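Letters A, B and C name the chains as they come in the text, with residue numbers starting at 1 for each one.
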């Protein structure tokens, strides 16, 4: 790489250092809040897909198929450029003019709803991995369908899917980078901005890369701890593709 | 709501959009081919008994899977020209980025496909007097490939969607072309909804086909 | 024909096999039994080199199994092995399962291999299933095809690793019948099994293993009459209940 002037110290200078910190913080904020939406919503949709009622299953399937067959970036644009136009006039105006942090919130909703479809798939495969006999046994002692889910299926299913859920959370973390296309100043966008201002491409991207890798490693280690504590003997982890 | 949807805009933009789609398809097929080839090499290396090799591949795979694809695209887009020493077309840089990225995922799928075979299947083949290579060729690979193909296809459909990320470096794929028209003519609704619909139809049908394939040929 | 001499195997600090010695003469049928985890599966897999062992010697027809210069695939082609889970190759028909090794290892031409396959399947009464895939066959049928697959190589000895443990009760008989006939025809056999009825019928000797060691090795009548070791007695009393 002849002719490249290395310039690591520049990353420690203002405002670049501040950019990295705020970018990293935004990435975390976006990911965690999106997960806070995705996890409960995805669980509901996942459970719907295992329901006895065909109508409920169809709703769940429609949700998942809709969100997984459109690229996330396209969804981002739809939420940011199209949805405000399609809302009733007053709401549209509020969203476009008065809503605080419009890019962040839009990215949050987009990422949250998309990730919910992934969580739904994991929850579904977790529940389906439980032998049918468990369901029958629970019903045979008189539990209602809701109780069957609450006391028998869900506790086991969630423990089984800890590993693939972890990887889905990391997916949310990585997908937060797409928010840069609508102007959210998360980590990757800040790295790019530094590159544009200082031409220290390698240093800027390397920093972002290291931070992503660190987070991935940290989350995986944490989740291994969670999995170990919550493991039930005799079950093997499963996951949806 | 539909009074805002102007079909004429769409019609005018069709040739431009089609060019974008051609780039998307080109990028997808070349990245799938390259990613599969590299992924196969990586998987073989990982399954070998050479310790440094398995470690190297594991590090590569884990490294690439820790980063967002956008960042990988930025990396290769800015660094490939610097490494090669001359200017490279955006398409080529991005293609390399995709190949390197997807190979990590493909290699894991291939590796899982091969190691998912029960150990005693290999034992049974060896017990008959087949050499390791013969066992691989006649017993392990035929089964592994049949198991792998649906998953590889699914991953390729994901890649087809991922190509939309070339937007960040301005490459004129399907989405970016639509975006250009949307800004130029100020008609975001028609353009983005069309893109969404096209992807929805293509990907949904493709995944249905893969499911059918899986059910028919599953071992 | 088959000799094991002071064979030991360990994983780290865990001893899987502990100084095992035994011999199987030509035409002899030896049944190996014992509680689960006693190492009997591992022992039998050491005989054809599928499992490596840490110490000791094993020879088959004069050839040393542990020797680095031994051509293992060639040796294995002369020993037949039948597995607990049948392990037919699911992507091939019954016939193709039997033909594969004949062609690729013994270099027989396809016509000869097919003829042999048909003959063996006919002997087992499975001719009409020749073109079926394993998933279309019952467990008992699959295991008999597996035995045919091993016999097609004209082995000098046959190893059986719990051949009926994975079968439904009503199918155990059809497989045992094939094995009994094999024994009566003079095949050298080492059989890991819980089926004591089979042992009483055709075994010459019974070997009892516990925790990796051979605890008892006696002619059939002696073993069932008055087993010497306490552990063997305990084991037999539990098994012979039903």
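Just so it is clear, a residue touches a chain if its C-beta (ideal position, glycine included) is under 8 Å from a C-beta of that chain, and two chains touch if they have at least 3 such contacts.
Note that the structure is predicted; figures quoted are calculated from it, not measured.
Comparing the centres of all chains, each the average of its CA atoms, the largest separation from chain C belongs to A. Annotation: A-B is the more contact-rich of the chain pairs B-C and A-B, by number of C-beta pairs in contact. Work out the mean CA point of chain A and of chain C, and you get 53 Å between them. Centre-to-centre, using mean CA coordinates, chain B is 46 Å away from chain C. Averaged C-alpha coordinates put the centre of chain A at 20 Å from the centre of chain B. Interface residues of chain C, counted against chain B in their complex, comprise 45, 48, 50, 73-81, 83, 85, 87-91, 100-101, 104-106, 146, 149-150, 153.
Residues 118, 120-121, 123-131, 134, 138-139, 142-143, 146, 219 of chain B touch chain C in their complex.
Chain B makes touch with chain A in their complex at residues 1, 4, 63, 65-71, 74-75, 78-79, 82-83, 85, 151, 154, 161-162, 164-165, 167-168, 175, 179, 182, 188-189, 192-193, 195-196, 199-200, 203-204, 207. Per the touch definition, chain A reaches chain B in the complex via residues 1-2, 4, 65-66, 68-75, 77-78, 81-82, 85-86, 170, 174-178, 180-181, 188, 191-192, 195, 201-202, 205, 208-209, 212-213, 216-217, 241.
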